[in-house]
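Worksheet for the structure shown next.
Labels run A, B, C and D following the written order; every chain starts at residue 1.
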Amino acid sequence: MNTDDIQDQLESLTISPINVKLKRLPRLSDYIPDLKSYTNPLQHNAFYHHSDHDGFYISHSDIILRQIVFDFSGNFPSSAPHLAYHHAGPRKEILFDPKRVRAAIVTCGGLCPGLNTVIRELVIGLWELYGVREIFGIKAVVTIYVNNMTRLNPKQVYIIGGDGTLRGAVQIFNEIQRRKLNVAVTGIPKTVDNDVGIIDRSFGFQTAVEMAQQAISAAHVEAESAPNGIGLVKLMGRNTGHITLDATLSSCDVDCCLIPEHDFYLEGKGGLFEFLDLRLKENGHAVVVVAEGAGQDIIPRPDSQTQKTDDSGNPVFLDIGVWLKTELKKWWEREHKGELFTIKYIDPTYMIRAVTANATDNLYCTLLAHSAIHGIMAGYTGFVTGPINGNYAYIPMDEVAHAKSPVNTNDHKWAWVRSVTAQPDFLRT
Amino acid sequence: MNTDDIQDQLESLTISPINVKLKRLPRLSDYIPDLKSYTNPLQHNAFYHHSDHDGFYISHSDIILRQIVFDFSGNFPSSAPHLAYHHAGPRKEILFDPKRVRAAIVTCGGLCPGLNTVIRELVIGLWELYGVREIFGIKAVVTIYVNNMTRLNPKQVYIIGGDGTLRGAVQIFNEIQRRKLNVAVTGIPKTVDNDVGIIDRSFGFQTAVEMAQQAISAAHVEAESAPNGIGLVKLMGRNTGHITLDATLSSCDVDCCLIPEHDFYLEGKGGLFEFLDLRLKENGHAVVVVAEGAGQDIIPRPDSQTQKTDDSGNPVFLDIGVWLKTELKKWWEREHKGELFTIKYIDPTYMIRAVTANATDNLYCTLLAHSAIHGIMAGYTGFVTGPINGNYAYIPMDEVAHAKSPVNTNDHKWAWVRSVTAQPDFLRT
Amino acid sequence: MNTDDIQDQLESLTISPINVKLKRLPRLSDYIPDLKSYTNPLQHNAFYHHSDHDGFYISHSDIILRQIVFDFSGNFPSSAPHLAYHHAGPRKEILFDPKRVRAAIVTCGGLCPGLNTVIRELVIGLWELYGVREIFGIKAVVTIYVNNMTRLNPKQVYIIGGDGTLRGAVQIFNEIQRRKLNVAVTGIPKTVDNDVGIIDRSFGFQTAVEMAQQAISAAHVEAESAPNGIGLVKLMGRNTGHITLDATLSSCDVDCCLIPEHDFYLEGKGGLFEFLDLRLKENGHAVVVVAEGAGQDIIPRPDSQTQKTDDSGNPVFLDIGVWLKTELKKWWEREHKGELFTIKYIDPTYMIRAVTANATDNLYCTLLAHSAIHGIMAGYTGFVTGPINGNYAYIPMDEVAHAKSPVNTNDHKWAWVRSVTAQPDFLRT
Amino acid sequence: MNTDDIQDQLESLTISPINVKLKRLPRLSDYIPDLKSYTNPLQHNAFYHHSDHDGFYISHSDIILRQIVFDFSGNFPSSAPHLAYHHAGPRKEILFDPKRVRAAIVTCGGLCPGLNTVIRELVIGLWELYGVREIFGIKAVVTIYVNNMTRLNPKQVYIIGGDGTLRGAVQIFNEIQRRKLNVAVTGIPKTVDNDVGIIDRSFGFQTAVEMAQQAISAAHVEAESAPNGIGLVKLMGRNTGHITLDATLSSCDVDCCLIPEHDFYLEGKGGLFEFLDLRLKENGHAVVVVAEGAGQDIIPRPDSQTQKTDDSGNPVFLDIGVWLKTELKKWWEREHKGELFTIKYIDPTYMIRAVTANATDNLYCTLLAHSAIHGIMAGYTGFVTGPINGNYAYIPMDEVAHAKSPVNTNDHKWAWVRSVTAQPDFLRT
C-alpha cells in the first residue's frame, strides 16, 4: 500500500483550532526559592545509558489529552477548553538529593486488591532506583494531621486512601504550601469501586470485576439448576455501579443489572417483576446483579432510620440485596402461588476485597507507584498519578479529590449493558 | 471549589489548529445503488425506549482521536495529520433487513483465550438483538476463497483469524467490491501475542499475561529455593515482546526481560552473563523471561537451516529458551566451576492458549462482537473493530492487516521495563 | 535390611480370632431364576488381554474390612462382629446382555461439585466399556415412583440424590424385588456436606472444603487488616460439621470452629466471648467459622417459629451466621464501648456448590460411576458404591440410606481441631 | 430397621485367627535409663478439659491395620503376619520438658507444595501447643551429619526430605542410638511423586495431580482444536507413575497413560502408533500422558551415555517427552504423508512444584506436622508419621526409607486406568 492509497482513504475535516488547556501542577520550586536540582541517579546505572531521544525521560512539555471522542457534526470543536495533563514518568532533573530523603508511606482505611503491590513497589522504587534509605510506613486508621506528619519530618509523603483520605491529603498539602515547607505530597486513590474521577480506573477494580464475574457465574449455575431459578448477586458500589456494570459485560449471564445511577422499580408495566416473569417463561431462569448503592430510595426506611446517618454523616445504607430477595419471594408467592421457585442470593463482598491482585492490576500498581516516585522526585507536589486514556498522567490532587465518577447513563458505556442484557429502561412510559 | 479556582489552575497554550483526518470506512451503499435502509430493531424492544440524546445510538460523525500524547514544546502541533476513526456502536438506521440476513462466522487457525466468547456473542447478538435466524459457522483450516464463500450465499461475513487471515479477508473484500456484491465483511484479529497495530490490544492478551505471570511466579519460587538459582521462562511472541513485557511489569520478580525488538548479547561487558553474575551475587537468584522471537540472530544456525523457511516462507524459528538454558549452563561451568547452580526452565505456551478468558478479556470480546455486528448492520464493510485509547472504533481492514505492533523501544513503555528491572541496555558502549 | 532385622522389629500380639461378618449384597439372580450370564465385553477389547491373575477382575470373594483402628489393650478383639463389604470393580461374568440394556440415570435435587462428572462417566462407561446404546436421563425434582419408572422400562437404574432420594430408592428397590422384576437399582449419594455414613466421604466434599478454605482465607485477611477485626464465616452443614472441620484444619487461620455436633455458649467463663476477648488481646484479630446447623438451640426462636417446620417436616433452620454477627456486635458495644471493632461476615454457600470439581473429586466421581456400572452389570442391585478406608466397596442401599455421619466429638478427628485451634471445649465446668 | 433385620443381612464367615503383628517403635526410654516423664501441657489449657474417654489422647495400644482388602475364597487368612502400626496423636504423658526443648527443623532438597505448611505447623505446634521456645531451621543443601547436628545440640530433630534424606536420617538416628544421646529424630518424607511406601500418599501429591489435570485439560483443548491433533503431556515421576495415573483418572480426557512400571512399544500390532491411529480416526484427536521415567529402555541411548550416571550414581534420565514427540512426528510423516497433523507438547514440571498446596494437602500437612510433634514429645524416635488407610500412624523410619511405592500393575488401581482409557496393554501377544 503506497502513500497515495493511504491518502485516498483520508477524509479531510476542516476544523477550527482545538483550544487545549494544560492543568498546571504545583512544584516545590514554585514556592521554595533557590531549590537545588540534581541529575536523576537513573543516569548512573552501570548497565544502561540514556540518549536524549530514547524516550526514557519524560519532559515537562509532554502532555496527554483528556477528551478523545468527538462529534464533528456540530459541536466539534466546542468552545470549551480541552484539558490536558502532564505525562508521568522519570525526569532527567530532580529536586531531591535521594540520599537525604525521608519518605513516608501512609495508608488509610480498608483492604483493596493491589494495595500490597503499591506499597512494595513504592519501597522498591525508592530504594533500588533512587537509593533512598529512609522509608517508613504509617497505618492511619482515621485521620492524619500536618502536625503529626511534620513531627516525623518526612521530605516525601505518599498517601494511599479513599476519597476522604484524599480530601485530607489536600488539606495537608495546602497547609504545607502555606508554611512553605520543603515537603512533597502525592495521593494514590484506593477505591475498589472505581468511583474516582478523571483517571481511567482505580487499582483493584479489574480484580474485583474478575471475582464478581465468578460470583455471577455461580449464581447462573444455581439459577439454571432449579425450576424458575433466580440468581441474585449483590456487588460492591455504594455510589457507582462500575463493578456491577463491568461484571455484567464480562459474564454474559446477566439478565438485569441494577446500579445506583439508574432508578428502577419493581411493580407494574416495564418493572422488574414483569421483566423477570418474561425471562423465566422464556429461559426458565434469570440472573440479577445489583450494586449495593442501587435502589436506596425505594426500600422502605423504618422511621427510626429516616434521619440516621453513619459516622461520616452519610445516610445509612439499607441492604438492597436482602430486601430484593424478600420482595421477589413475596411477588412469586402472590403471582405464582404453588409454582416452584428458587432464589439463590450471593453477597461476595468480603471475598472480593481480600484476594490477590490479578496481572492487570499488578501492572497498574507497579506503574502507579513508580509514576508517583518519579513525580515527587521531580518536585511535583499536591498531585495524583493515574492513567488517562491509557497513559499515566499527573493530575492536581484537589481536582481528583472532588471528582466523582458515576456511570454516565447518557453515555455509551451504559448503552452496552442495555444492548447486551436487553433489560428494561425503567422509564415508566 | 468555584469556577474561578479551576480557571486559575489552567495554563493556556496557544496552539495552531490540529489537522484531524478521519479514516473513511467503506459502506455497502457506496457501490450498491438504491440500497434500502431500515430502522434498527433495537428500537422496538418492549422494555426500553431510546431518546435521541441518551447516547444509545452512535452516529457517523462520532469519531475517536488516535494520537493523544503530545510534546507541546516544539513539535506540537505537527504538520502531520492527526488520524481519527469512526466510533463503534449501534446505528439508528441499518442497511439490512435482519429477517433476511444469512450470517457466516469464519474462524481460522489456532486457539486463543476468548475465542469462544467472541463466537458466542456474535451468535447471541445476531439472534437476540437483531433477530437474525440464519447463522452458520465455518472452520477454515487454511484459506477461504470468495468462490467458496459466495456459494454459501452469506450477506454478512465475520472473519476471525491472525494476520494471514486478515490479509485474505482484505482480498475477499476487494473481490466482493469489484463484483459489487451485497455482502458486508468484517475482520476480527485473533492474536494472543498482541502483534496487531492501531488497536489497543488484541483479545486473549490480558489472559495470556495473567498466565505468563503465574509461570514467572513459579520460576521465581524455583529460583529462590536453590543456591544460585536461575528461573528461565520462555513466553509467546514471535514478532513482538508484548506478553513478555506486560508479564514483566505485572510480576515484579523479573531481573531481565528479553524481547525481539531489542538485541541482546551474552558475553562481555554489559552482557547478560555479567549482569546475572551481579544479580546472583546480590540476591542469590535471578529470573529471566524471554519472548520466543528474541535473539534469533545470535543463536548459531546450523548450515542446513540457514535458508530453511516454514510453509509460509518465514525463516524457521530457533528455540531461544532451550539454547539460552544450555548457554547459561556452559557459562557457569566455565566461570564458576564447582559452585552450585540450578536453572529451572519453563515453557508455558500450550497451557496459556487453552485457558478460559479472564473477565477483562471476556468484556472485551463481548464489546468486540457486538461492535462488529452493529457496524455490519449499519452497512460498513471491509473494516475491523477494536479499541483505540479505550474506545471502540471502526478501522479500515487493509490498514489493520498491514499494521504491525512492535514494542517501541524508543518509547516510554519499554522505559518502564528498564526502570523496573534495571536490566542492561545491551548497547555495547 | 534382611528378614531377621524385620522380624526383630515385630512385636507379636496374641489375639483371638477376629469375627468378620460380610455384608451380603442382593443380586438379581437371587430372585430371578435361570438368569443367563455373559462374559464381560471388556474381555473382547482388541488392545488388552486379561489373565486370571492380573488383578483386572474383582471376584465375589474380595472383601474390605471396615474397622481398622483398634485398641489392643482391652477391647481388641471385641465380641462385636467386624463388618466387611464386597470390593467394587469389574466382574468377569455379568448378568446383562449390554446390547439389550436400557439404562436410566436419575438425578434429584440441587447442585453438587462433581455431579456432571458422575453423569458423564456413567454415560461414557456404559457406552464405551459395555456397548450400551440406550441411555436416558431423568431429572426428578421431587419424587420418583416405581410406576413411573417401570413405564420407561429400564433394566438398570442409577439414582443420584440426597438422603431423601436414597430412602426413596430403597422403596423402589423393595417394590422391584417384590414384583420380581429384572431391574437392577443402584444409588449414588449426593451430599456436599458429607453427612452420609459408612463411606469415607461423599463426592464434591473435597471441592467444597477447598472453596471454604478460600472463604476463610479472605475472612482472615479482612480480620487482620482492621483493629480488633473478627472474620466470621458460615459454612454448609445442617446436620454435620464436616466441611467446617476440614476447612479449619486446612486453613490454619481459624481461632474457633463451631459445629452442630458440639454445643457452645457465648457468655460467661469458658464461653465464646471470653475466648475471643483473649485472642483479640493477643493477636489483634480472630477468625470464627460456624456450620449452618450449629447453635440452633441457643438462637432465640420467635414464638411464631417454635413449631415451624419446612416441607419435609424438619424444624426451620435459623441463620446462625447473621445471629452470631449481631450478638458479637452487641457484646463488643457492651464490654468495649468506644473501642474500634470490625466484623466481616462471609457466607460463601452458593459460590461453593456451583464450582467445578477439583481433581480429587473428579477422580472420585470417575471411579464411583464406573464402580456403579460394574456392580450393576454383575447383577448386584439395591446397593450403593463408595470408598471404605480408601477402597471402593458395594454396600447395601438401605444401610447407607439410614446411616448418619456425624462428626464424632469423642473421637480423634475432633481432637485435631481442638489441638490445632486450642479453642474452648464449652463444657461449663 | 431392627437388629434382626441387620443380622439377616450378615453372612457369617468362619475364619481362623488373624495373626496381627505390631511394628514396634523405638522410644528414648528404651535406651536412656530413668528418663523423667511429664504431663502433656495440653492438659493445662484454660479452655478445655480432657476426660479419659473423650478420644483426645491416643494410647500406646491404639493400632492401625495395614492390610484391609482380602480374598476370603482361599488365601484368607494367609499365614503371613498382618502388620499393624501405632496410631499417631497426642499422648497424655510425654518424655520432654517442653521449656527445655531445643527443636531443629531440617529441610533438604527441592520444592514441594505444602512444604511451607509443614514447616509453619511444626513451628506453631511446638510454640503454641507445647510452649517450646527454642526452634531453629536448617536448610541442608546436600547432607547432614551427626556431628553437625550435635554441635547445635537439639533435643528434637525434624528432618524433611526425599528418600536420600530419609536414609541419611536413619544413619543419624542409628548413631544417636549408638551414642545413647537423649535426642529424638523423626523424618517427614517429601516427594511430590508419591514414591514412598507404606503411607497412603506423600504431601504435595494431591496438589500436583490438580495441576497435572490442568495441563492435561490444556493439552486436550489444543488437541481438539486441530485436525489429527495430539496433546502430549509429560508429568513428574521418575520411578513411579502415580501422578500420571491419578491425573489420568481425574481428567477423563486421556487416551493413553504411560508409566515407568509398565513397558510399552510404538510400532506394530498392539503398539502405541496403531492405537493412536484408531483413536484419531474415531475422534479426530488424542491425548497421551507420560511419566518422565516411562520408556527409558526404549529410547535409543547414544553410546556416550550408555554408562553415564548422575551424581548419585543413577543412570541419566533421557527425555521421554521430547523423544516421543519426535517419534510421533516421524511416524505420521511416514504413514500419513500430506495429511494435516499437530502435536502440542506440554511439560508443566516447574509450574507444578512451585504452586501453593490445595486444601487437601494443607490439611494433610497440618496433621502430619502435629503428629510428628506429638510422637516426638511422647519419646518415640526413629519414626516417620503418615496416613495408613486414612489414619495417621507412626512407622519405623528405616522401614519407610527402604519402602518403594511403585504402581502395582497387577492390582486394581492400574486396572481402573485400563478400563477408563481402554488403552493397549502392550503385551505383544
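The definition used in the following text is that a residue touches a chain if its C-beta (ideal position, glycine included) is under 8 Å from a C-beta of that chain, and two chains touch if they have at least 3 such contacts.
Each chain and its UniProt protein: A, B, C, D = Phosphofructokinase domain-containing protein.
It should be emphasised that the depicted structure is a prediction, and the values quoted were computed from it without experimental measurement.
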Self-check item: Chain located farthest away, centre of chain A as origin (C-alpha)
Solution: D
Exercise. Using mean C-alpha positions as chain centres, tell me how far chain A is from chain D in Å, no decimals.
Key: 48
Quiz item: Between chain B and chain D, what is the separation of their C-alpha centroids in Å?
Solution: 44
Exercise. Starting from the mean Cα coordinates of chain C and chain D, work out the distance between those two points in Å.
Key: 24
Exercise. Examine which chains touch each other and state the graph shape they make (line, ring, star, complete, other).
Key: ring
Quiz item: For this entry, which pairs of chains touch?
Solution: A-B, A-C, B-D, C-D
Quiz item: Quick one: in the complex, what on chain B touches chain D?
Solution: 110-111, 141, 214-215, 217-222, 225-227, 231, 340, 344-348, 350-351, 353-355
Quiz item: Within the complex, which stretch of chain D touches chain C?
Solution: 1, 9-13, 15-24, 42, 45, 47-49, 53-56, 58-59, 61-65, 68-74, 81, 83-84, 87, 89-90, 117, 120-121, 124, 128-129, 200, 206, 209-210, 212-213, 246-247, 249-252, 270, 275, 358-360, 362-363, 366-367, 370, 389-391, 396, 398-399, 402, 408-412, 414-416, 418-420, 422-425, 427, 429
